[in-house]
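First chain written, first letter: the chains are A, B, C and D, and each begins at residue 1.
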Amino acid sequence: MNTQNEWYTDLAMEERERFRGIDQEISGVIIEKLDETRANMHITKVEIKNEHGAAVMRKPMGIYFTLEAKELSEDTDQSEVFAEILADYIESLIPENAKNILAVGLGNQEMTADALGPKVVNKLWITRHYSKEGLSSMIPGVMAKTGMETAMIVKGVTKETNPDLIVVIDALAARSASRLGTTIQITDTGIWPGSGVGNHRNGMNKESLGVPVIAIGIPTVVKTTSLIKDMWNYLAHTFADSEETRELGIKMQQLCEKQWQSAAAEMPIQQAGCMYVMPKDMDERVVRLSHILSEGINLAVHSRK
Amino acid sequence: MNTQNEWYTDLAMEERERFRGIDQEISGVIIEKLDETRANMHITKVEIKNEHGAAVMRKPMGIYFTLEAKELSEDTDQSEVFAEILADYIESLIPENAKNILAVGLGNQEMTADALGPKVVNKLWITRHYSKEGLSSMIPGVMAKTGMETAMIVKGVTKETNPDLIVVIDALAARSASRLGTTIQITDTGIWPGSGVGNHRNGMNKESLGVPVIAIGIPTVVKTTSLIKDMWNYLAHTFADSEETRELGIKMQQLCEKQWQSAAAEMPIQQAGCMYVMPKDMDERVVRLSHILSEGINLAVHSRK
Amino acid sequence: MNTQNEWYTDLAMEERERFRGIDQEISGVIIEKLDETRANMHITKVEIKNEHGAAVMRKPMGIYFTLEAKELSEDTDQSEVFAEILADYIESLIPENAKNILAVGLGNQEMTADALGPKVVNKLWITRHYSKEGLSSMIPGVMAKTGMETAMIVKGVTKETNPDLIVVIDALAARSASRLGTTIQITDTGIWPGSGVGNHRNGMNKESLGVPVIAIGIPTVVKTTSLIKDMWNYLAHTFADSEETRELGIKMQQLCEKQWQSAAAEMPIQQAGCMYVMPKDMDERVVRLSHILSEGINLAVHSRK
Amino acid sequence: MNTQNEWYTDLAMEERERFRGIDQEISGVIIEKLDETRANMHITKVEIKNEHGAAVMRKPMGIYFTLEAKELSEDTDQSEVFAEILADYIESLIPENAKNILAVGLGNQEMTADALGPKVVNKLWITRHYSKEGLSSMIPGVMAKTGMETAMIVKGVTKETNPDLIVVIDALAARSASRLGTTIQITDTGIWPGSGVGNHRNGMNKESLGVPVIAIGIPTVVKTTSLIKDMWNYLAHTFADSEETRELGIKMQQLCEKQWQSAAAEMPIQQAGCMYVMPKDMDERVVRLSHILSEGINLAVHSRK
């Protein structure tokens, strides 16, 4: 991933929001609000249907469900309901005859914001060793600790154990801080290069692994580059709206992208290396979210007819 | 701590830097650069000598050593040297007849950036149970998990076990991202209310605990509020310096504090709760730093004559 | 605890079983089977009513509930029912006007069989910091790591925060391997010196802490000394029962205690230090048991009228 | 592994000791004491040279180094020396042109006695991702958690990443409690079926993985079945030696294997499932041992010319 790209997001929903306000449709991208009566949850389906849509959205062709609820990482009694809803959408992407499913928990167990995948996988009901059919799982680790590309590790195990489907769980990077721990993305496109908190260099998808790949992710960090651009835009807008500061606001809005880039590239924060922004209580949120995700996957995988 | 205060820092050094550029001394605050030949490390001693200095610096009277080295959280072979230097400065603050020393690791073990204190304490050589004299330690936990003020827990154990000195280790909040994992602060003033990553509500110092308290801390997070103000100032300065954007830069500099505050207070990042900024590899940095700190404390405590 | 004493057990139930086969009652010890219809669980109440009973039972005067079910540490769907039953018995020992309750998780978090207490406490709903009344908790650690007597740490925090009741959770040592992870003991006598996996040197009870203490424990280890004596008795009995080996069996039974002791004291296993016996899957059992215990305590504490 | 086999051991040394007292050599098995002046360490080389030796020893043909020192898991200042000695013996088994080495940490991270392999691997200096050549590592997990045979996971990753050599680290089962944490075995035969604390069903060796496999192991548990037989033999011997109990001792010695087996098979300990015996402080021993092993492997791999 280009970490200098302050607009990057792993979420198709956020990518689509770049075009908000523009009435015209994007050719090849279908966006649909879905009803959900069981909980106060906003569900959106983004479908990228052709190359044009993929180019505009900077994401592969396929289906992206986005489940949004502020209460997702709060301490509520709704976690069972959330898990059931999640299970339905996961199940809708599971190929009918998939019997052996390999769950892969991506990320670094020792880094709060990147531990979501391993934590989810640790709570799954693993059954394949009982009957030679069912759910298996792995936590491949991160390249800095294994010395190997994560995608190669998953590929090797896939070839050797022949699952019919891979379900990958990963912590994502979002553009907006309000999405941290409040949005679940489920997609049948797998993991594409450069995505995730840990910036997977190689993708993990049907093309590279030879098996369908469902990816489930939750944003746990915002890159500081996204944050700063967001703040700039917000302040420009706010200042422009107020009489006293209108001139400053307009000047800020008029600043061209090139000038912004050249100033931003030298910011002290950049020199301090790749920085992430996360809520102070991210550890507790990750525990709650991993509970909902693992329950959702358990239901989707084990309760199928 | 007032989380709306974007200028807050736990570091006396950074507080002092607010006045950079102003030649005049601050009455009651002595600042001194110390030589260190063993490693490429900048060492500064800030001494707050009276009430006036304390008010200006917003920190209690006492001595603050700051040890700065970019390599502190890198994978170098200098960690033993760093530990020796650290030991010297810690030892210089230990009262001569202190025999029983209680080390207290503050913070939340499950939160990467807040785990420094517990990780350090876990590596100390505990000796008090052998000879009734020596080093003891505790990890009091955080209020969200214990339901009790951390300061009360420490006070209770202090009263019951009568140490001659308390050494508190804590992760700090800095203003500048470049300080994350590269600066150690050692002070004989203990912990003051509102400091630390976890925002201790009550302080831990000689006054409240009845025993001298040395506090050792390393910044592991920057509050997003500090970061954004920093970025604003940096950009204002950069734009003012370039002909094309001078007018914008000057307008940004002219914005009055009140106007900034009122715009900043409503930023989306604020609505997402208290946010922290930290480097992507903070987990590894914390492991390395905890090794240096624990070695430094071990040397200071056990090698004294 | 005298680790040479192969008959030691933390369970009042097991102590009582020494006298099995003898019809006569023990004066001062009342034993009662209680009915439980909600689950297939054997519940026994042992009450030690006077000094004579305490001397014979080698346990303090008070009430000891024992809840036994083979499924306790298995992967069943009965855990909620077990938690409810547990809650009833805990609640029956909570003094009526107890508002502030301090839960203490004894043991070593990094040792599988000794981690029960800390794991339970980590799952409790802590409320005291919200309303100044409610549940608080602490994990005092073990003396090898803190350098301090665990009882002193708990005493200090108790004095400073004034709970009305202390609930201590601890892993116990049993005599019989079949009890590992299948028996819960709840008692109003607190922790007595030398009990628990970690052999607490000092007790924690109303006398020493000044507050009523409920202790909840589950056996997670058997001492090898108990095991070997058990095996000897079992083999003696088995051999005596079979015609071919009757003579050997009888000779084994006739061996006097003194001769056994002098042979056993030199066994190689003794020279290897204090040894524990535990099931291979103890880690998973401890996770399940800690879930049931924490739910039971949560229900007992938070659902009281 | 046949868990009913009370004589099972993962150590070639212990297997050889079955024949102690018998002067005659075992054809095909060479045993050699090696000198070591750097530390008080007993080093033995067992070489199984042919099928006959393999059948008698119940281990594959190859070289087995055994390094024994009581201080290995104690808190001494000799750990660096132990690591250097270990490095020499590991290096002697590394094929000359091995450039890419994959370290595999077998076992269950959450089970104290089985966590040795993962703990060692977590401390290795991983270099392969820097230069495409060097050390890589993986922690495959245990079948109960992954649902897959560990050997298949390792095989898949091996095929995909093509290391020249695999180094497997595992916790072992010993027969004698005195060996727990005091003996290191290094062998070029890899892992054979049924060995290790976790009883690997399939082996990991040159035959199955297509690459040379060095296995490094340390006993961390004794099976209770071994322990009980050991105790029985010890007591028989002790009683036979004393005049008062001679008759009992002789009768015990005369008990035939079949009678022992039929009595032992029904012992209550068997009904409690597979039981392990380990020292109370195994967690600390495993930390120290993992430090020595990882340092030894780091030296052997990275300091080679």
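What we mean here is this: a residue touches a chain if its C-beta (ideal position, glycine included) is under 8 Å from a C-beta of that chain, and two chains touch if they have at least 3 such contacts.
This one's a predicted model, so the numbers in the text were calculated from it and none came from an experiment.
Touching subunit C and subunit D together: no chain. Centroids of subunit A and subunit C (each the mean of its C-alpha atoms) stand 46 Å apart. Annotation for subunit A: residues touching 2 or more other chains are 144.
The touch graph of the protein chains shown is a ring with every node of degree two.
Within the complex formed with subunit B, the residues of subunit A that make contact are 108, 110-113, 144, 176-178, 180, 197, 224, 227-228, 230-232, 234-235, 238-239, 242, 244-245, 247-248, 251-252, 255, 259, 263-264, 266-269, 271-284. Every residue of subunit B that touches subunit C in the complex is listed here, in rising order: 122, 126-129, 134-141, 143-149, 152-153, 155-161.
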